[in-house]
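In the two complexes that follow, chain A is the common piece, with chain B as its partner first and chain C second.
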Partner chain A sequence: MSAARQLRAVPTLFRVGFAEAVAYRGEFFIWILSTNMPLVMLVLFREVAREAPVAGFDEKGFGAYFLATLIVRLMTGSWAVWEMNADIRSGGIAMHLLRPLHPFVHYATDNLAALPIRALLAFPIALLAFAWVGGGHVATDAAHWCIGLFAIFGAWALTFAAMLAVGSLGLFWESSLSLYDLWLGLFFIFSGYLMPLSLFPGWLLGATWWMPFRYTLAFPVETMLGLESLDQSLRSLAAQWAWVASLLALALLLWRRGVARYSVFGG
Partner chain B sequence: MIRYARLLRVQLRASLLLAMQYRLDFAIDGLMSLFWTATALVPLLVVFGQRTQIAGWSWPEALVVVAWFTCLKGILDGAIRPSLGNVVEAIRKGTLDFVLLKPADAQFLVSTARFDLFAFVNVAGGLAILAVALRKIGRVPSAGAVAWTVLLLAGASFILYAIWILVVCMAFVVVKVDNLSYLFASIYDAARWPSSVFRGVASIVFTFVIPLALMTTYPALAILGKMDAARGVTAFAGSLVALGVARVVWLRSIARYTSAGG
Partner chain C sequence: MISVRNLAKHYLVHRRPPGLLAAMRSVVARRYEKVVAVDGLSFEIAAGERVGFLGPNGAGKTTTLKMLSGLLHPTSGEATVAGFTPRHRAPEFLRSIMLVTGQKQQLLWDLPPAETFELNRAIYDVPKAQYEETRAELVELLGIGDLVRQPTRTLSLGERMKCELAAALLHRPRVLFLDEPTIGLDVTMQSAMRGFIRSYNERFGATVVLTSHYMDDVAALCPRVIVIDRGRLTYDGSLDALVRELSPDKRLTLRFARAVARGDVEALGGRVVTCDDDGAVLQIAAHSTRSVVERALSSLPVEDLKIEDAPLEEVIADLFARNAKTDTR
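What follows is the complex of A and B.
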């Protein structure tokens, strides 16, 4: 199966994915409502910054930070690991194996096809944020925004590649979802989802540069807010895509090994 | 009454057997519960690293709120969510009919169908956090304060249960409510903070629509000896009303239920 023929199937897969996203829009909406943690943290940190700024963030700065966090999270979230797990357990994976197409392509288009609807929901929030924050807390040059867009796509790709890797582990191990739980817990702390990473003590902040988590959230957010210098952002971008490439390679390897020994679930 | 106590024992035993069967999962899930409890503490540590007081709460006092948050999470994940999650599935597949045919109260049967015993690790974790917090404050709660706390925690569990019954009843109308459980879990997460943190619009949403303050902040105030009797009685009465409403809605939903596809 050549790559060109695989690519030709992509537009159709996109259409199917989009139709599914539209069909289950109610479910979708609830899912978006449950991404409310940044708003809770926003309220909390505004309270903390009431008297004096914290680590360079005043009330408005926190407002901008957590709204940007919410937007990036909504744009880059993925559910492939649960889908893969369900497919492996139910045997639905057999259908994917029969198709002359790598299953990863299916999961990817399924995810990306839902993006327009997500963007539609995230966009009003973005405008609201801009009106509220008033430009003082966002990057003003085109270069930051350009990197920011790549960073958002990279954040999605990193999250997605990690999910593929853990999902492929499901072919070996029943409790692979626990591993994803672990990833998620570390993500909450070290990605800047619960608080700006600059609130961490120095040594911990240094450690976050060597973990994948900050590249899934804090990096695009900080770039768009203009908190990172340009060459720092470029270095982060390189690190982000290095993580994407290595996690994807790991996922492909695990998948190939897993499928080779897979018969049916429990077999 | 005795019949129901015996039924409860049978159901508990089944859950225990299930847990023993998947021992590795049991251990992993228990460890994960502890891990989540630890991550819940991180933002609190960071915030109180910056300030000695937030919205009138000191660090050890806020820790008491986290303690009750963790305990209730144990009860929610251990006793409420697993069984009621199964009901949603049963409604979709039509297997709820088997439950309805049994000669016992259906709400009792579905509510006790499954317990995830590992989640009770959280209750122990919460009590440990409470001990640390009270040590830091340096006071031993009076017997009265403890009595109030127990009463309010019972009320909090009733409210959690009532909300869950209402979510399940929604499953009779709209089929897919797995997402609603995620939504609820994400809102419940906000209960780890003292309710006075949320001002303005946020306070109205969190205290009236989803009574988070009742769940964790009130029991915390009670054990700190800051709860007045009138407010405590109102809160407990409110939780009983919630239970009553849930019961009525359940009975109506069952009465109108025409099995899967109906």
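What follows is the complex of A and C.
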């Protein structure tokens, strides 16, 4: 199927994906609500900052940080790696291979189609957060917000591409999900999910710039809160999309090799 | 439409004996064995033919279908389907074929089948007018008008299978591979599915290749059968000719007005398959049918009788048993 033909299919893929997300609304809301770690960390760090600011964050600063973290996490979550793994294990992957549409397009639209439902939860939180922390703790210029929106999409794309790469490994290796567990472990530490990265010692903070994890969370959060200069945000955006491109290329390579192997060894 | 030359598929399978020691040994030194799933198949199938693959479990039927649909790469040999090499899985090839299996489904579980139909319309880029026309025809042929708007999870197995077939055929594939399409269905539904597959083949001139463990599927649908056993082709021709070749005898079923001694039945000639108070079944040579029937009518209290070929299941089972015996010699 040519790229143009695949593109023509995308609106219907989105529509059906949205219908699926609505059909699974119960499970979906539970899944969304399970993303509650930022709220726990918010309570903890507000206590820590009660006496005096920590690494530049006062009580409301931590509040803004973790509410932004929650919003970014809600908007950028993906489940492609588990979906791919289930498809490979069950043989359902054959259905994808028989269709003239790259399965990555299908997984992507399936994940993105759930965005409106996620937004239903994320936007009220964003409004409440803004009302609570006030203007002093969020970026006030359009440029930061513009980069922030691209950064949120980039964060989703990076997470999704990493999932595609690990998911494709399932065609070679039965325990590929354990690799994603490792990714998640590193994500929790180095993405800024559990604490702002500025709380890290200097050498470790420096190291996070070379890892993909900060671009999946801390970068869009810090940009929306105006914690990064415009120049720095633009450099981060470039680094983020370089990671997206690299991981997507890796995923495509692994998928291609994996499908060839699957076809040789049987499904 | 389908051309297959010396097609073969070998797998390497990890084997180890049971036990902890063997498990630990397999961590460092794995032993692999070559399994020959398909072993040099060659055949041609013309456009519009309906062909049945017959064979015992593990004979290589499904592996062959998977190679012809591009899911598996052959170890050696060549295959072309609708002018394409399946393993390249060219988009146009994928738009020309469909593989339907009775055990795997593409319908979206929590949505009505109509949503999967729409999805397939988009994926296969079927023009709107053609889609509407094909969909209306399939819905009518399969009698699923009321079902397509009901969530798939609420449909019975037979209803799901009908919707599955409709979803698979919306892009009007020229070649249809069916792997056990009636598995698990009741007799009425099996018959309905057979009727539909035949109609689709006749209406659209599609080539149909089918595997099934139900001989009735094969007998009703496939004028030609290809028997595959241990990956090798052991017969290619008409089903009738196969039955005549393997089992030229006839089955004579007699129903008696009163109980008859077994000895009186044996005296008619032929082999007594079953005999009880209500009747008997005899296997007799085709050329002696007339004389045996005359003897039965004159000497026994026959109320009703039936003459037919030996049951297909028995003939095929006999063929597989013969092949197995030949292989072990």
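Simple rule for what comes next: the second predicted complex is superposed on the first by the 262 of 267 C-alpha atoms of A that agree within 3 Å, B and C clash if a C-alpha of one lies under 4 Å from a C-alpha of the other, contacts with A are read in each partner's own complex, and residues count from 1 in each chain.
Keep in mind that, in the parts below, contacts are C-beta pairs under 8 Å (C-beta built on N, C-alpha and C of every residue); 3 or more make two chains touch, one makes a residue touch a chain.
Please read these numbers as outputs of a predicted model, since none were measured by experiment.
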Does chain B (first) or chain C (second) touch A:Val40, or do both, or does neither?
first
Is A:Arg99 in contact with chain B, with chain C, with both, or with neither (first, second, both, neither)?
second
Quick check on the superposed pair: does A:Leu199 touch chain B, chain C, both, or neither? Answer first, second, both or neither.
first
For A:Trp145, select first, second, both or neither according to whether it touches chain B, chain C, the two together, or no partner.
neither
Could you look at A:Trp79 and tell me whether it touches chain B, chain C, both or neither (first, second, both, neither)?
neither
Per the contact definition in the header, classify A:Phe153: touching chain B only (first), chain C only (second), both, or neither.
neither
Check the residue A:Trp241 against both partner chains and state whether it touches chain B (first), chain C (second), both, or neither.
neither
Based on the superposed arrangement, let me know which partner A:Gly185 touches: chain B (first), chain C (second), both, or neither?
first
Report, in rising order, the residues of chain A that make contact with chain B in one complex and with chain C in the other.
24
In the complex, the residues of chain A that touch chain B are 24, 26-27, 30-31, 33-37, 40-41, 43-45, 47-48, 51, 54-55, 174-175, 178, 181-182, 185, 188-189, 194-195, 199-200
Give every residue of chain A touching chain C within the complex, in rising order.
1-2, 5, 8-9, 11-13, 15-16, 19-20, 23-24, 91-92, 94-95, 97-101, 260, 263-267
Please name which positions on chain B make contact with chain A in the complex.
24-25, 28-29, 32, 35-36, 39, 42-43, 46-47, 49-51, 54-55, 174, 176, 179-180, 182-183, 185-187, 189-190, 193, 197-199, 202
Complex contact set, residues of chain C against chain A
9, 11-12, 37, 63, 66, 69-73, 87, 89, 91-92, 94-95, 97-99, 104, 106, 108, 110-111, 115-116, 118-119, 121-125, 151
